[in-house]
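Consider the two complexes below, in which chain A is the common component and chain B and chain C are the respective partners.
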Partner chain A sequence: MKSTTPLSRRLDRVALLGACCLFLSSIEYILPKPIPFLRIGIANLPILIALDLLSPPLVLLVVALKVAGQALLSGTLFSYVFLFSLVGSAASGLSMILLRTLFAKRMSLVGIGVLGAFASNSVQLILARFLIFGEGAWLIAPPFLALGTVSAAVLGFFAERFSETSRWVRAAREEG
Partner chain B sequence: MKVRIPDVIALMLVTAAIGAVSFRVYSGNSDSAEVRIESGGRTWIYPLDAQRTVTVDGPIGVTVVRIGSGGARIMDSPCPDKLCVHMGSVSRPGQWAACMPNRVFVRIDGSVPHEVDDTSF
Partner chain C sequence: MNGGGRRKGFPGFLDGNLGSGHLFLLGVLLMPSFLFHQSLGLRLAQTGLFAVLCLLSGRRIRPLPTILTVAAIIVCNLLVPTGRILFSIGPLSVTEEALLSGVRKAATFEGLILLSRFYVRPDLRIPGSFGGLLSRSLFYFERIMSRGRRWNRKRLLVDLDAMLLELQAEGEVAERAPRVARTSLRGVLFGCALLGVNWAAFLAVLAAGKG
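Right after this comes the complex of A and B.
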């Protein structure tokens, strides 16, 4: 996406979307989780929105802001959890950018989100396999991947609806 | 919003992958845990879900190990203090029982995860 909009305007979008990530991270952090590793990933919503509004480097900047915000909120910046978050988010961010570039509008945010979540969760499982649990990591794989898929599909659906109806998204899209 | 073919393909691919992982992880999981009995440099491996009694020859006599109901325990050993018998049943990977005087070592090997108290990503 070649944009004619001044960089400062596009950075404003990065800042707003990054702030949304931070806010949604705090919501996610508040919600009780029955099992610690199961997350719904609502903080990824702004990243799905960002795919259509920003160039790949700036989308990755939003991803970086999300990772930083989550780490600050949960206090895991200097723990191994941060590594999981960083690697997982990078995997999903890169794969979603790639899918958007390859398929353009032929694949909706549902498909992109589901595949992005799958990429993130797979990479995290592989990390868990080698860093923490050993072979036992595969035992948590099925529920981990399945729930990630369901929540990503719901989030993707929501993001798609949001992109269709939001005036802010439309204005930003027209602006380029 | 329209459901498009690539979306359906993406969902099917992911579902298939999860199905494949589930199948690999959960089928044959019960026999992935095994009982290793070591004595005098020799090792015997039995599936944990077997029902059998194994006798092992050691330097001072015969140690009897019973494998059954998801665990293994030393039933008898020619040692003076019978500590190994009192160690009871071992069932989870990493657990072990041993008769030191008779040099018989029983441990559970397998791929059941460690029990983690809490973690968050």
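Right after this comes the complex of A and C.
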């Protein structure tokens, strides 16, 4: 069914979810990491929530806001960090949209989140192999992928619960 | 509006002398001189400077949430011990590198909050349609950061939901926010001086090999 909500209202939701991504990436920054490059990926939570609220192009806009906003706020626009963020976020965003479109509600946000994280971490590892670490990149692959899987499952569970109980999500769904 | 908002009737020096686009540009240009060095002393000094800038733009700074956040970040970092053991508190060993890392992260986190609170104004419009959307997102981000909300672990979902509902309502009000000021000569001079001081300190730290 085509949405009847004005585009400005839907774009406002996109901006709000993008801001939540930026807030969560700030939280992620302060968490201690046993290995510097390990990330939990909590900034992807709003994207998981967006999957059931927004059309695929608007979900991709949330991803773009996350990447651009992080680069602006952390001053990493002209660095490898930006490239890794862009490639990883694009891979997870596209794969999650694809999975939601193909399987609709037959796959939970836990499954979608885990596969999205796997896609993101895999392309980042490949990038790291060619740009920074060389063959050493494969040594960090097991903990990198394992942590990504566990944290994505937790985030997916959280997103599922939030989507079921949130008044904000319900209002957005009713508006279309 | 909560306590993190702008003071009514006191638009502040920055709001009165710098247009929102120029203020945003100033913040973006200050960012590298804040982030891309490892000197803890300079980082703390810059965080203090950003606190002053927040006050100049009419923002309140609430000490208690700030202190609690800083303490939480430092304690959180001490949980992963690295470097020489300085002393122990019960089972917790306070190690030198973990402590310094915690203080540095806390200063960076608070510095970025303060910076984002003064350089993003509700009337900011970045050119282009994506720029407009990004401006809107940065506005919401600034509102989230200035809330100082205490998150309850047991009510996390409820708190998050309430925050989204409140932000959406605030966004509708801000939609009608008028442009506050044009950039004045005083604003330009102030901005240049601010950039000059920060970048000079940043380059000095790099030259001294502490970058």
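Throughout what follows, the second predicted complex is superposed on the first by the 173 of 176 C-alpha atoms of A that agree within 3 Å, B and C clash if a C-alpha of one lies under 4 Å from a C-alpha of the other, contacts with A are read in each partner's own complex, and residues count from 1 in each chain.
Note that in this section a residue touches a chain if its C-beta (ideal position, glycine included) is under 8 Å from a C-beta of that chain, and two chains touch if they have at least 3 such contacts.
Note that the coordinates shown come from a computational prediction; the quantities given were computed from them, not determined experimentally.
Undergrad: For A:Arg39, select first, second, both or neither according to whether it touches chain B, chain C, the two together, or no partner.
TA: first
Undergrad: Can A:Ser85 be said to touch chain B (first), chain C (second), both, or neither?
TA: It touches chain B, and chain C stays clear.
Undergrad: Thinking of the overlay built on chain A, is A:Arg161 touched by chain B (first), by chain C (second), by both, or by neither?
TA: both
Undergrad: Of the partners chain B and chain C, which touch A:Leu61 in the superposed model: first, second, both, neither?
TA: After superposing on A, A:Leu61 lies in contact with chain C but is clear of chain B.
Undergrad: First (chain B), second (chain C), both or neither: which does A:Pro142 touch?
TA: A:Pro142: touches chain B, not chain C.
Undergrad: Touching A:Leu115 in the superposition: chain B (first), chain C (second), both, neither?
TA: In the superposition, A:Leu115 contacts chain B only.
Undergrad: Quick check for you: in the superposed arrangement, does A:Gly18 touch first (chain B), second (chain C), both or neither?
TA: Touch status of A:Gly18: second partner only.
Undergrad: For chain A, which residues belong to both interfaces, chain B and chain C?
TA: 33, 74, 161
Undergrad: Tell me, which parts of chain A touch chain B in their complex?
TA: The touching residues are 33, 36-37, 39, 74, 76, 81, 84-85, 88, 103, 106-108, 110-112, 114-115, 118, 124, 132-142, 145-146, 149, 153, 157, 160-161, 164.
Undergrad: If you look only at chain B, which of its residues touch chain A in the complex?
TA: 1-11, 13-15, 17-18, 21-22, 24-26, 29, 111-114, 116, 118-121
Undergrad: Name, in rising order, each residue of chain C that touches chain A in their complex.
TA: Chain C reaches chain A through residues 28, 31-32, 34-36, 73, 76-77, 79-80, 98, 101-102, 105-106, 108-109, 112-113, 116, 130, 133-134, 136-141, 143-145, 157, 160-161, 164-165, 167-168, 171.
Undergrad: In their complex, what parts of chain A are in touch with chain C?
TA: Touching chain C: residues 11-16, 18-20, 22-23, 26, 29-34, 61, 64-65, 68-69, 72-75, 158, 161-162, 165-169, 171 of chain A.
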